[in-house]
């Protein structure tokens, strides 16, 4: 059995190190890769913990789907070189670190003094084997006691789908008719971000060109910030 | 180091959970924060599966499965929001997003 | 008889109400006749009552209704007439009637004519109710009522600031005395369980001497206010801002004697407390002297007479203080006539001089207004106490009683004041009616008033001359003693005064009065004495007298101004800054806290997450360390 | 009158008027006024009918458990709440006072209110319903509802139709009273629970709750919770600072209602709830409350002495007068309680009238600064007569309503605490002082700027006016930008006479023959006194 | 082991199924209806909610039946939650249709998607109310939350909207992780995720005066923290003001009620039903949270001038009041009013808070902003709207005879019943503080003169909705007896 422990420990250490990598890496892509490493390690640990089906799901869903999604997003959005551990809020970091340590201590105390162990269930390894393996056992449980949660989860996924559609679809795709009535804003002053830093200048149009021509049928308004101009009062926006 | 005890996976779970939490508390990149939350969820899954292993129960495994499913849903919505933000503000720095305060 | 007793006060009240409501637009000058008829009616009834009492000797009572029934605190409205009251009724209605008649001429043409003839009957009503009341609270009600009339009438010419001030001053100073009076009434109720005279006096021995002293002194405080004794006499001279008939009726003949009446009414309480009596005597004697000294130096004709009133009231009060109840009432009786006469005479002078009151602007008026002169002279001499005029008999009795009851200093004070009285009275006469005209006869044409004013003068001059002799002879045993005897029967019998003492004092006082007259004559007619030089020679003493012993200034500096500063302090500092400041401070504190706490909402997700994490850690830590019993 | 829910009719008649005005979109200001007047007149008529048929010979409801004109309907049985109305003598009299003053207030707002008349009348009528509800309800929950119901319309009256600093005053009034009453809410629930624990009965019926036996400590706390709420309404020193602001800023009618009825609710609450429910605590709190009362009596008068603003002066005088109410109540004897009752009624009539009187010249001169008036008795003799009459009534002049009350209250206190009575008596001087000084400057003397009488030997002014520049910040905008010469004011018209006359008659009546009125309250007061040994009856 | 799938008791799920059907119909409508007719979908959804509400009558709630192997419970508690969220849903639709469909935000918002998300989030909340298992609570909460995250960011052309959504989402996910970590620990300690089973297994552990086991404590506290986030209890509230301010106004109204209902339903289900044996511990925690929540929420609201943000803070304050009700839990004895008063409070809160946001929406339709100044002079310009707003503000303040007062009264009653007088005192003191900022809105409406331009616009549905909510705020106060009786039947549900 000690081999099992050894493997578990090795996998755990790698998982923890990879997790630290997620937090410490400067580049989000590195973080994502570290996260993938963690996930894979955890999948292996699931196997040790007699959860083979979940190990597979872990690989497929997390590593295969979620992380890929994250990577796509990382590629899509413009990545800035954020000075993660420099500048910013040192106090916040110190406190974050301390809170983590304290919570670790508290959870450790709970783990070490733990006596409350739940009732031992019927799914001994023998029973699982009798059912035909972990997948079959999980299937039996899910399709007897967990019918409603499965349906509900389906609805949750539906919600997520609709939500993602609503949030990420371009305007034109949602309401083609409305767009023409909107005044669009093109922020020329700040190509990126809306920081207050000086240094950006509104580029002058080359001589001989007219804004009307450049903008086509749309009215062109020059502002420093996308929020600065809308055709409606800025609801709820803080006027400063 | 004779047997695999619950303490093993519990500490693993705790460590991952807390690393994830520290990441949420310290990082500025929205995407990284999001990944850290995923990490925390995974840590919880480790606990569930470990408890199931300890108690010869399938409940924990089932629960973990749902956690993964829900996490996926959350990922979709979360990334959607991040996309919308990035499109609108062209930033993923969480500290740059503070128009709403006080 | 008893059935229509209530008509005596009620009829003037009706006249007052009618005049006030309808006088301005409809009745106009007719209102005076309504008032005169009403008061005349009361006078007739009073005479009938008086005769009834004199013949029957019994006490007449009439219960009207129960005023306040609060638990065992029951105050009935019951009228009661005994000999004392009968006499007072006579004085009040009689003098009132004359003053009413006099006022028709005096107030002629005044825009507030109707108002005057509403206030005046109302005063009569209040005064009558005051004397008719059979319990202290009812007496107090009309005690305040006459105060109200006094206020309204002093402030009759309210457009003058001085009149308005004087009215207010009179009321407030009286209120100081009333404070004591009220307290006395409450204590009487607490100790005796009733407020009716008869019930209290019959149980007088149930209360301890200490209690009775306190009650007596508090009652006396009321009298001090109303009867203008030291230290509360300051309002009376100022009250001369009112029309002169008012001064005659209210501030000389009737209202100011209410205090004397009240103390006499309560004589069993006073007699039970020697120390209270002592204080009453001392206050009265002091007032008599102090007021007399002030009177010597004043130039306003009404002010002099006002101080004279204060002084004469002092006589009555010290007579009360020595237990000479009948002499006190006797002096009240005669004083009503001659002081009323003096004021009306002064009114004639002022009327004739076109509202000039300063004696330095008069002189030789004898030539222009003979009737006024002679009546005024009679009143002055009566006031001075010249034998055999009315004042002599009553004043002498008070002095003799004081001596006989063992208060020699009081008696001497009385004599000193008598000298002063003679001096200032004759000073007034000489300055006003003798000498040379100090006004411009081409512009001012002094003249005797019309008959409606002359008649009251004459009618009052008669009793001023003879009343003392009629009722006061023989001294200390006269008719008035017989008549009022039953009223004061409960007290200890007055000390028998030897005839020799009476005679000796009569001679002494006559000499004193003559001395006073002499000094006045030499100073203002004979020219042997120069008042101006004497004033310089006496220096501070003269100034003291001229400035009325600085009573007003002391009150102003020690009470009124500090109170004003205190009020401003209470308002600006305590109320606005401290109490309201605290209230507003709470609101400010909440807002401030709010502004501070909202900064916790930094807008940074990291901070928010940290709050969650920190909260989690703290909660878990706290529960792990302290267990679940953080608090019971 | 059995079977007719007359108390409900009285209470809701104004509310019906308000609803009609609210939902009738075509209601012109004129119609709104008439509807308001009619509905409040209906309420007045009904309340007088109720008073006339009130049986004074019956024992009080605290004794018999049967209130007169009782109405009981089940409402929220699960929490012991029922719709329970009923009156005893105390509330019956106060109801009539309320309906009378409401009618007068509506008449008083007839001409001066020209802005948003409909809303004004709605607020006025709702306010009346709230006030009446307070007096008729015997269920604590119901009572609390009506109690709070009054706040909003009153705050609106001050805040919308008030003068310059009105918003501050309205908000202050609202928050102050709300803060107090919220504690009372806790007290109500605590009492309910304590009674339930003792007997197992769910009830909020006051008469029922009074039978409970509560521990002394419990009584002390809950008494305090109730008391603070009522003390703020009274208002008792040092909880009074909302009053001057509210009075000064409120429109005339608002001031009348405020002084006439709202302040009475504090006293009424003490009589109805604090004393019967927590007699032991009342006894323990007595000395402290007596001290506060005495302070209030003197303090109000002293501060009133130097007020430059008419309404503020009367407001502070209210603090002083209402001190007699608490003083009398906490004497726990017949004289004290009857005195307190008389003072309440009298203060309602007299101070109400005084605010009307101030309002009348405010309408003419658009200022409340005393120094802007003078010599009004010359051109407004009728006005000055009423003014003088009510001034003397306010001073506590015997024969007018206030005297008997103040006298009895002090007499009651004197029997318990000698010093309290003696100190409180100083008021007889101070009240005369500030009132007469005001009267002198407003009605007597001369208008500002008018030359003085040639031979007026000008006396010293005992209390000089504050200098103008120091007045300005206090007065904010009392509207004296355009000074109107008081000599041009016309005398009061028949409408104004009509408003003041009933008040004057009642003031005189109560002063001369208080028995009519004491007969009503006597059984009730007797019952209230029973746990205190009923001394004096 | 054979698959033992038991035929479920479908009738118990009829209300939920109606909603699901509605959602599907709306999705279909999105496809088939022309855009200009999308408003019909609002009516459809309202009809769906109404049908769902009525269909509650089909169920015998008293029996407390469970189905789907104990995953789903149909008891009085779930009935009441259904009533609250369905009525809140109807009200939300009323105030939001015109806003979403119209052009009141930069960028356009698709109404059908909005409606689907709304319906599904309500469905999720109903599932939480009816949950018999920690898993169902988790899924239900997520279903509700995910929809609301999206709704918060629905005005996606306005960066503050996205910002609010992002904050809400990140912190929500963070809290969810904490919540499920707690669930894992509960599972570890009891071996079950079924609420009833957890309770029966915990009971023997808590016999005598044994101290609570640390891992159980950890589990309990992690759960409490996770749920406290959902109900916005201090210090887990920080997302609330930002999200409220950022979200489109009708969504703010909606999210101030329904997710809170979900959080409280979960709290009641977990703490009272499952962790009832540990009540001694969590009651302490809840009481502490209640105090700091009440104080913080109400005090900070004082300084706000943005009405939406102010309402956000005020909702924190109300969370505190509701926590007082929960802290008054004693036992599931018939007389215990704690959860009953909590339910009534939530019910009352729905009417008044959605109403308040409704008036803000109403103003926005007329070209106004959400600042306090935008309310200036509303009393003279539009008396009815001002009157409605006054009613909502006063009700939130707790003025009788409005429903908010009754809610507060029952909470105080519950608190005092269980000897928490000090909490009741804190509650009323904070109510007084709250009057400060609620009254300011009323004062500004009536006492100030209008400042902003006025654009006339007709919004009949919104108007009717506001009227109904105002009516409900008044009516459900005066006739709160039957509602309260129904809420009080929670006792039967949890025993």
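By letter and in written order, the chains are A, B, C, D and E; residue numbering begins at 1 in each of them.
In this section, a residue touches a chain if its C-beta (ideal position, glycine included) is under 8 Å from a C-beta of that chain, and two chains touch if they have at least 3 such contacts.
Computed from a predicted structure; not experimentally measured.
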Discussion item. Counting one step per pair of touching chains, how far is chain D from chain B at the shortest?
Written reply: 2
Worksheet entry | Length of the shortest touching-chain route, chain A through to chain C | 1
Practice prompt. Specify the chain with the shortest distance from its C-alpha centroid to the centroid of every protein C-alpha atom present.
Written response: D
Worksheet entry | Contact pairs, highest-scoring chain pair | A-B
Worksheet entry | Identity of the chain that, by mean CA position, is farthest from chain A | C
Worksheet, complete the sentence: chain D and chain E have mean C-alpha positions lying a whole-number Å distance apart equal to 43
Worksheet item: Roughly how far is chain B from chain E, going centre to centre by Cα mean, in whole Å?
Response: 26
Fill in: Distance from the mean Cα position of chain D to that of chain C, given in whole angstrom
36
Worksheet entry | Centroid spacing, where centroids are CA-atom means, of chain C and chain E in whole angstrom | 78
Discussion item. Can you list every residue of chain D that touches 2 or more other chains, as numbers and ranges?
Written reply: 175
Worksheet item: What positions in chain B touch 2 or more of the other chains?
Response: 6, 17, 20-21, 24-28, 33-34, 51, 54-55, 57, 59, 62, 66, 70, 73-74, 77, 80-82, 84, 88-89, 94-95, 97-101
Worksheet item: chain C: which residues touch two or more other chains?
Response: 587, 598, 601, 603-607, 609-610, 613-614, 616, 620, 624
Response to the item:
Those chain pairs meeting the touch criterion are A-B, A-C, A-E, B-C, B-E, C-D, C-E, D-E
Worksheet, complete the sentence: In their shared complex, chain A is touched by residues of chain B numbered 1-4, 6-12, 14-23, 25-29, 31-32, 34-36, 38-39, 42, 45-46, 49-59, 61-62, 64-66, 68-77, 79-84, 86, 88-93, 95-96, 99-100
Item to complete: Would you pull the chain E residues touching chain B in the complex into a rising list?
Response: 134-135, 138-139, 142, 146, 149-150, 153, 156-157, 159-160, 162-167, 169-170, 173-174, 176-178, 180-181, 183-185, 187-188, 191-193, 241-242, 245-246
Worksheet, complete the sentence: chain A contacts chain B in the complex at 1-2, 4-6, 8-9, 12, 15-16, 19-20, 22-23, 25, 28, 31-32, 35, 38-39, 42, 45-46, 48-51, 53-54, 57-58, 61-62, 65-66, 69-70, 73-74, 76-80, 82, 84-85, 88-89, 92-93, 95-97, 99-100, 103-104, 107-108, 111-112, 114, 117-125, 127, 137-138, 140-142, 145-146, 149, 153, 156-157, 159-161, 163-164, 166-168, 191-195, 226-227, 237-238
Practice prompt. Under the touch definition given earlier, write down the residues of chain D that touch chain C in their complex.
Written response: 172, 175-176, 238, 240-242, 299, 302-303, 305-307, 333-335, 338-339, 375, 377-378, 381, 385, 388, 392, 397-399, 403-404, 407-408, 410-411, 414-415, 421-422, 425-426, 428-429, 432-433, 436-437, 440, 443-446, 452-453, 455-464, 466, 512-515, 518, 535-537
Worksheet item: chain A touches which residues of chain C in the complex?
Response: 604, 606-607, 610, 613-614, 616-617, 620-621, 624
